[in-house]
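Which chain is which? They are A, B and C, in the order written, and residues in each are numbered from 1.
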Amino acid sequence: MRVFPACCPCRRFEMPDAVEFLSQGINGVVLGLLFSTIAIGFTLMLGVIGIINFAHGILFALGAYFALTIRNTLGFWAALIVSPLIVGLIGIIIERLAIRRMYGKDALFCLLLTFGIAMSMEELIRMIWGKLGHSISAPAFVSGSIDLGFMLYSKYRLLLAGLSALILFLVWLFLEKTTYGAIVKAGAQDAEMVGVLGNNISRLRTFVFGFGSALAGIAGVIAAPLWSVRPGMGNDAIMPAFVIVVLGGIGSFWGTVIGGLAVGLSISLAVMFLPRMSDLVMYILAALVLLFWPRGIMGEKSILEE
Amino acid sequence: MGRKIDGDISRRTFLKGTAAGITFLTVSGVPALLRAQQPPIRIGAVIPLSGNYGFLGASERCGIGLALDEFNSKGGLLGRKVEVLEEDCATDAALAIRKAQRLLQSEKVDFFVNGGGSSPSAAMADFAKKEGVIDMCIDPNSDILTGEKANRYFFMIPVLNYQIAHTIAPYVADNIGKKWYYFTHDYSWGWTLTESCRKFMKEKGAQEVGESKIPLNTRDYSSFILKVRSAKPEVLMVNVAGVDFTSLVEQINEFGLHKSVKIVVPLEDFEDAWAVGPEKNAVFTLMGVEWHYAIPGVSGIKEFVDKYKRLYPRAPYPCPTTNSYNTYIGVRELLRAVERAGTLEAPKVIKALEGNTFKDSLKNDSTTIREWDHQFVQDFYYFRPKKKKDMKDWTDIYEFVGYGKGSEMAITRDLSQAKMEKLPGE
Amino acid sequence: MGGKNSIQQFLRLPFIWMFLFFLILPYLMPLIKGYTALASEILIYAMFALGFNLLLSYTGLPSFGHAAFFGIGAYGMAITQLKWAKDLWLGLFMGMIAAGLFAAIVGAILCRKRGIYFSLLTLAFGQMFFFIAFRWDEVTGGETGLTGLGRPPLKLPGLPAIDLTGPMAFYLFTLAVFMVVMVLVWRLVRSPFGSVLQSIKQNEIRAKYLGYNTVFYKWISFTISGIISGLAGAMFLLQHGAVFPTYLHWTESGNVVMVTIMGGGVINFFGPILGAGIFVILQNAIGALTEHWLFILGLIFISIIMIIPEGILGLFKRAKTAQ
């Protein structure tokens, strides 16, 4: 649809039509929900136990890789359940062996430790599964596109949106409606208090780390058909996770959801109008938000500010 | 953190540390010294084994092996065994240079072979000139490599964008459609291919209805595919390569774009088609391919394929591809030139390469190594997807349509930016 | 009397010994499958780490985007050579100015932020610069970067131009630059300015109460750190003759943090130098043995962080206190 006359220099910039706008808008929401799912585990770890987990990206990648292997033998749904469990287990092991020693020390050391872990594990993935990427197709029942009459849209993306929303809902349910979830939430506010109230802090921390890892893993499983499985795929997850947490506020559930949707929609908008800027927009967005809301949109003062 | 920082390393500690360091260095270096006295001819191969073009590396490795085998099985080159040292450039230019430096300074290789796409290759072209070492470049197709980056030490084996466009575009305009949309991979290779296609498109009276620049590492093509659909072209020219291409083909299938538009890919590597599988690859109406064994009526192909299968029964690709072919030809001709020159000295080998024509090109016509831009001038082919019932095996995916002669289609001197420098002593 | 004492004091510092060691380093390199150019890289990386450590350990601000300033310095030098003049001093100067300018701008925005938010914002800005370098093809060459750059000759007043194309000549030039930078940074951290920085790191509120404009001091420190990183970047460009967007990627920022801490930068001025040397040598030596050297490097780093977070020089210190 050409809005400008032929002589106008803006001619090269074509306004997207309604169908494209709508499709890209839906894309933005789908992507946003996926990003929120990726970030929720990260923000929990950060908010509740004060751990900046640089290995979050690699746990995401592991989720995808285990799904790759499991899917060949047991199918998509099995992969969706089993892979995050394995990743959660790996998270628990990492916590017990390494992270445990970092509590109470400067947050910087933990960040560096997880950076080292991420580095080694990425190479480990290369050693086990090979250096090349694997394209993974959507499960057969959602392959191809669905005809909505006025536009076609990918079936898998709709499933992806649904699964992300479901996962986020389940996390919310856990945090709001279960007693252990309440403890976890309380831990985000004041870890000492939780200890005083008689709950085992050490077990809480291990649980949160494992839970956060499992969330990273499941995000990897559902993202894999969209982004393909490569050893470096963790980078596609860790950076948005940082940005979303900064945008939404550390430790805030709704902040993460809002932040994720904001990032997803801004990327889609950028792809429509300025594709070259699409990877930059989320950082610009983060910087702008932080300048006016220093703690993120829904953040509160956290121990990490010292 | 709150720790105070001091700068005290007492002299004694420093000397102790240095002594320890030197001892460690010496001890760890002794084995290297012991192994130093061996005279095989060494080729440094900086090839992509991971990254955007990572899957090409495996094919390229086979190509090198096939060429080396031809010489080593007959007693070597100038009486010496030829060996190759491989390094992964991961499709990254900075890494390619670092690896090349190490191969040159530490391993003292005599020649280079490089791949990994246009970026690492442009960097390698400069490296070769700076260090005065010959580099045979075997997988990119960007015109700048025989244009502004051309120099005496750098040789380009693959067909270039100008020739690809010159061969494909007229055929498409005449036989497939006159309203074109471009997908341009947003870096030098993509831009130059689209530019060249445009030139020949206009000459044949076809018109452009739109273009989308696809940034590198794009994962999500839905918006681009939607744009094409609203522009309603007859032909979609896909000037995209590597892992991005694979994702794009997946999503074209996902959105069913090929049902409303005829899709042409001016340059496809067999490895890309293999990654998506022949069914998904069948979205294309026409594919430009540098080399495939399905070229009819050319002698030597069958022997080449048989040898590949014999030497590499477990290779990732069951048949040799364009990239094995280009690498084989490049290394083989380099070694032949060394033989003709009778020495490893770069200026003499360069002169032996320049202007050489060889008949056993495994293509319809002979190939010539042009001395003013160092391009291996050769034929370029185009195919359509073979119907499943006609396929003899999973590799038999191409049906021959036609080809363009290198001598007629390659860029001419008046249009080229190549400027060759003088070698020392000329 | 005072003069003799200060000369004695100066001799007790390791500078002379370091200089002598670095003079013979190129001859030691082949023993570990290294080469002279690699020795230059060690010095350049050490410069980068020193500049970074000024911010990290003396001011207490962990920046995760510092590779951006390194890269900007390299691009500054490259673009000067391509578009302006092939002059050595001009190029280095412009690299430093460019990096310093951007550091000043980013610093002005960030230096009010505390703790984690500071670090996350440096990460964000670092990535922004990376993507600008990656996508702005017209200026930075995009993914292909800028290649084929030579080394302009060294022109000193009163002397004929010195050719720097040979690896040894360039190494000696790098060594000279390195020594100057190192001594200058040493003097800086030992000066009243340096003391203020350290007091800010210890307890910023107290420093404020003492009347110091802490934000201003942090900003100056950030800018100087950026300038030094830019100089290192420009030298790196001269070393390799090419600059690529990957120089600005966050993994490079992570590497310099890792290297600085690994060597013991947190407790010792010379820590970053040791860390840089170990990193470059390991990268080369292990890289020659296995392509999975990152795995080993990661393991080494994890072990160091867990066992001796003060870094390798921390080991020496522990040994000393144990005596």
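Rule of thumb we're sticking to: a contact is a pair of C-beta atoms (placed from the backbone, for glycine too) under 8 Å apart; a residue touches a chain by one contact, two chains touch by 3 or more.
All of these numbers come straight from a predicted model, not from anything done at the bench.
In this structure, the chain pairs B-C and A-B differ in their number of contacting C-beta pairs, and the larger number is found at B-C. Taking each chain's centre as the mean of its CA atoms, B is the chain most distant from chain C. Chain C has its Cα centroid 33 Å from the Cα centroid of chain A. Rounded to whole angstrom, the centroid-to-centroid distance between chain A and chain B, based on C-alpha atoms, equals 36 Å. Shared interface positions of chain B, i.e. residues touching 2 or more other chains, are given as 1, 88, 215. The set of chain A residues touching two or more other chains comprises 108, 126, 276, 279.
Shown for chain C are the residues in touch with two or more other chains, namely 135. Residues of chain B that touch chain C in their complex: 1-11, 13-15, 17-18, 22, 25-26, 28-29, 32-33, 88, 92-95, 97-98, 101-102, 105-106, 118-119, 122-123, 125-127, 129-130, 149, 187-188, 215-216.
Against chain A, in their complex, chain C makes its touches with residues 62, 109, 113-117, 119-121, 123-125, 127-128, 131-132, 134-135, 250, 254, 257-258, 261, 292, 294-295, 297-299, 301-302, 305-306, 309.
Note for the complex: chain C touches chain B at residues 12-14, 17-18, 21, 28, 30-38, 57-58, 60, 135, 137, 142-145, 147-148, 150, 186, 189-190, 198, 201-202, 240-242, 244, 246-247, 266-270, 284-285, 287-288, 291, 310, 313, 316, 320. The residues of chain A lying in touch with chain B in their complex are 1, 14, 16-17, 19-20, 23-24, 27, 31, 106, 108, 126, 131-133, 135, 137-138, 143-145, 151-152, 154, 156-157, 226-228, 230-231, 236, 268, 271-272, 275-276, 278-279.
Per the touch definition, chain B reaches chain A in the complex via residues 1, 49-50, 54-55, 88, 186, 210, 212-215, 219-220, 222-223, 226-227, 230, 243, 246-247, 250-251, 253-256, 275-276.
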